[in-house]
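For reference, the structure discussed in these notes is given below.
Letters A, B, C, D, E and F mark the chains as written, and numbering starts fresh at 1 in each.
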Amino acid sequence: MTPIRLRKVTVIAERVLRDDLLDLLKELGATGWTLTAVEGEGTRGIRASEWEGRNVQIDTIVSPDLAERLMDEIGRRYFADWSLIIYAADVDVMRGEKYQHPR
Amino acid sequence: MSLLAENLISPVVLCFALGIFARAIRSDLAIPEPIQQGLSIYLLLAIGLKGGAALAVEPLAALLLPAVLTLALGGITPVSAYGLMRRIGRLERADAAAVAAHYGSVSVVTFLAAGEAVKRAGLTAEGYLPAMVALLEVPGIVIALLFASRAGSGGESSGGNWKKALHEVVTGKSIVLLLGGLVIGWLCGPEKLTDVQPFFATAFKGALCLFMIDLGLAAGKRLRDARLAGLRLLVLGCLIPVLHGALGVFGAVLAGLSEGGAVIFGAMAGSASYIAAPAAVRVALPRANPAYYLTLALGITFPFNLALGIPLFQELATLFHAWL
Amino acid sequence: MSLLAENLISPVVLCFALGIFARAIRSDLAIPEPIQQGLSIYLLLAIGLKGGAALAVEPLAALLLPAVLTLALGGITPVSAYGLMRRIGRLERADAAAVAAHYGSVSVVTFLAAGEAVKRAGLTAEGYLPAMVALLEVPGIVIALLFASRAGSGGESSGGNWKKALHEVVTGKSIVLLLGGLVIGWLCGPEKLTDVQPFFATAFKGALCLFMIDLGLAAGKRLRDARLAGLRLLVLGCLIPVLHGALGVFGAVLAGLSEGGAVIFGAMAGSASYIAAPAAVRVALPRANPAYYLTLALGITFPFNLALGIPLFQELATLFHAWL
Amino acid sequence: MTPIRLRKVTVIAERVLRDDLLDLLKELGATGWTLTAVEGEGTRGIRASEWEGRNVQIDTIVSPDLAERLMDEIGRRYFADWSLIIYAADVDVMRGEKYQHPR
Amino acid sequence: MSLLAENLISPVVLCFALGIFARAIRSDLAIPEPIQQGLSIYLLLAIGLKGGAALAVEPLAALLLPAVLTLALGGITPVSAYGLMRRIGRLERADAAAVAAHYGSVSVVTFLAAGEAVKRAGLTAEGYLPAMVALLEVPGIVIALLFASRAGSGGESSGGNWKKALHEVVTGKSIVLLLGGLVIGWLCGPEKLTDVQPFFATAFKGALCLFMIDLGLAAGKRLRDARLAGLRLLVLGCLIPVLHGALGVFGAVLAGLSEGGAVIFGAMAGSASYIAAPAAVRVALPRANPAYYLTLALGITFPFNLALGIPLFQELATLFHAWL
Amino acid sequence: MTPIRLRKVTVIAERVLRDDLLDLLKELGATGWTLTAVEGEGTRGIRASEWEGRNVQIDTIVSPDLAERLMDEIGRRYFADWSLIIYAADVDVMRGEKYQHPR
């Protein structure tokens, strides 16, 4: 089996955004996600979610196109008011076709 | 003065102090997050059960007057907090609204500490008060959102946020556990609760001590921010609980509550929530700066009430009771 | 009917309902995973200790008949569940075998709830029953694997999986804690356990309430899936506990157990494990679809037993006792 | 010190597979691994491991050769019956030689 | 001999054995990390509170002699452990120093187990002993660092590490909770603690059982390493507790403590810390191999003391008391 | 918005190093970090931090220059005595300029 080159988009954000972000991913056509509870510090000092627990890191593997759209859309919606970071990287995925087509 | 010492030298208050101290010396002491969440689930459910068991033996009509009083306080306190934060605190609309939402609801731990103080003083309080805590959670956040939305500071999709924030409050775990406990306690009545009392009632005070250490650690972090918040906010963080607390005590005495009940009502009105409100506010008013509301609620007003506010409300309750 | 209400209005059952309700309104209430694991460790160990202390004062010969009965039930129930799932449920071999493994073992919480109901009814039950729970864990999964392997549905390396699944069951934390508690309780006897009783016995019912909230949350999720499972499975999920439960009650009365003991035996036979079995089945029968067995065990049969099964077994026990 | 280019292979799977997967990594010659407890959703709806806790994400840094072998072997063994995702990416590793030779 | 059986057949010791057993059969039993941390926070605070309440009713002058004894033991035991590890154990300087730091401080659980044994034997012990545990934490690590720094094995920035390691010990959560509990207990006195006793005192033994399971799991892992450590270390891991323990018992009897107090002092001197010390040593002596100190402290000396050491100290205490 | 190519430096180390490592990142000019609690095994068998809990994984997104300096400096300070792994990979970051300039 040859792996297929796709993009892994990573969003690290306050936990209150968790459900919103996952809904958005589905809406735009991602086939899955993986979420990790993380801690973090960035340019905004204080974290309101402190009482709500740590940050969440959401990774989703998608086609390069979708990666671009996802990043733009999340940035557009959340950069103004929320504390988050978004980045993407290349990954070679087994059964890659499974993650390419929006469901 | 001896009332003050009496109030401060208790395991619950000293555990809070231990948390602050541990933070100050940069100790690695930390209550793991799941334990802290487990404790707050336990505390809220236990409070609800206790209140529900009390409701089960209370004629429901007796709740009417205190409920009206609670809603009145729930209407007045956020307006007053908003005004003070705008005028004296010089905060932006969104920030002032966010702070108002916190002062409009209740700090559950201050509520408990007031209950303890009342017990230590040899007084009793009405058993249905936990139901009032739940009642007081909602109006504060609604009024705060009204202030904010008038200014359009709720973000582009503020309509959606409105609904979301309300959902967040009403289905938030604090309310669900408190109300859930109330209903369960009320359905079961004191007798059927007997078997669970060793866990929920007898062990309560000790578990609260662990929770207080965690709160102390969190407040210790905020205390450092308090200096940055500036003198104005620091003063307001001490003034508002006195104002609102006095109002609460006064209203309660007027409504015919016991002296002990009046103290607890004072603590309810004078305290600022730091468990349920922050999450709802973060969703509804993302533009408001968390540094203001968290520092005020947890770093200033909570320790103030624990140390000075509650003894003051006790004095006031005695005073007002003698007067009226 | 009043037995039914009596059974439903208890803190333990209502906490389960609170969990389901919280899920239904999409509350963010959640018992953190480590707390949930800690609670199940606590519950299993406490059950074991209690059973062990009872064994210490019991002549071992008295265990023979109930042990034989347990093994018989452990042999009959998975076969019957498999047959029903194949014929009426129309499941594939692997899926039916997986479901059979669950009905062959015991839901510890149903076991506890039956114990509570017995106590509330003013009856007593044999103290050694926790030992039977441990005994009943193993045959179910073995027989289920036999069914599956006949069909070759265990995957290419089904030989290896066999050994692994058995190891998974026998060394799984449920069995280790239950048996470990039994042995410790038996070695120590009631007297040496006195010091740990406030923790393991007195606090037990309250801790169980927290655990029930978590189960309610999990079951609430499954309840939604229940609709998708189709009417056939839904009916079977209610029918099987009635069949197996009646068999268990009948056998227990025949074996000379007390009325209370017969109720609990009914609950043991009629319940489906959702803590130990799923892990073992996932390892041994990866091709079986978890949606079937989890939904049946946790979403349908467990709430059914809690609400209706246990009162039914109580009626049956009274009936059979009068007959025989 | 110049970093050496190696491959980071990531497997996200149900927790029941944890010990099997780690044994397999060792067997094939990986010198180490890092495991994170994660949550996730993919194309298979339900997760049997729910009671067993969340998914696990296993990262292992290996030579490009071994990466390929690992991915093939894990895919071969688990894709049919289990819920998992496998992908790889380039990383530049300090003391990279340490992770290159099977132990 | 019957003292030995009496000591081994207790829920606390058997839970430790259960943990070792579970590890041996490769069970998946594990106490989740947050629960384990929560338990150790609880245990340390509870011990502190108990000691503090005892201090509150004790004339402080009575503490002088035991405190001097404690400091003396805190000075002698790391030196002796270092010497033995260098000569007989043939360890490098850094490794020997690291091990010495562990034997210089106290295993809190061994301390508790000794307290239980004393209680079971119908004896009593001085209430202020937890204060001595806290006192004994510091000298061991300081002396060990002195040994290591003489050899320059503290790493390039050993000056910095010195300060850091001391900070780590003094502000470490163990000391903060133990001392914090002591101060709170002392300020409140027994009466004001009444309300928290169901949680911190009555439930204590049971909670300790859960903690012991976790320790058993950890020790089980180390037991396997013990074989690799070689015969020399294995012998030393049993010899040192006997030597130091005898010294502790002797000193305590000499200082006029009760027989029960002497047993506990023996356990304090003869045990090796495995909660506070490892973290401090890892920071201060990164070059020391953790395999040595963890295996010795947790895998060898701790089970040795639990099974054989404590009964031995009991015999010795009776003997010395009769002599002197 | 076009993402900017930066480097993600990952350090996996014993938890006792946590504060030291974060201080070092700040000192050298990283603008933020994300920390995950992980488990792991490598060439050093035993982990002293066992009692102190699991390993920590620290990710920090920085400019390529800084990435190099960070990796060198961390390696220089900790490789001799401690158990850790350091690696870096390319990532495309939204609002990338935010993470480029030392604060």
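As a convention for this text, a contact is a pair of C-beta atoms (placed from the backbone, for glycine too) under 8 Å apart; a residue touches a chain by one contact, two chains touch by 3 or more.
Quick caveat, the model's predicted, so the values are computed rather than measured.
The chains in contact with subunit B and with subunit E alike are C. Separation between the centroids of subunit C and subunit F, computed from CA atoms only, is 47 Å.
Inter-chain centre distance (subunit D to subunit E, centres taken as mean C-alpha positions): 40 Å. Per-chain CA centroids place subunit A at a distance of 20 Å from subunit D. Averaged C-alpha coordinates give centres for subunit C and subunit D that are 36 Å from one another. Residue numbers of subunit D whose C-beta contacts span two or more other chains: 36, 89-90. In subunit E, the residues touching two or more other chains are 32-35, 37, 198, 203. Shown are all chain pairs that touch, namely A-B, A-D, A-F, B-C, B-E, C-D, C-E, D-F, E-F.
For subunit F in complex with subunit A, the touching residues are 1, 3, 6, 8, 22, 31-36, 61, 89-95, 98-99, 103.
Across the complex, subunit B meets subunit C through its residues 32-35, 37-38, 41-42, 45, 49, 167-168, 171-173, 176-177, 180, 183-184, 187-188, 192-193, 195-200, 203.
Subunit F meets subunit D in the complex at residues 10, 12, 36-43, 55, 57, 71-72, 75, 79, 85-90.
Interface residues of subunit C, counted against subunit B in their complex, comprise 9-11, 14-15, 18, 21-22, 25-35, 198, 202-207, 209-210, 213. Interface residues of subunit D, counted against subunit C in their complex, comprise 14, 16, 45-54, 80-82.
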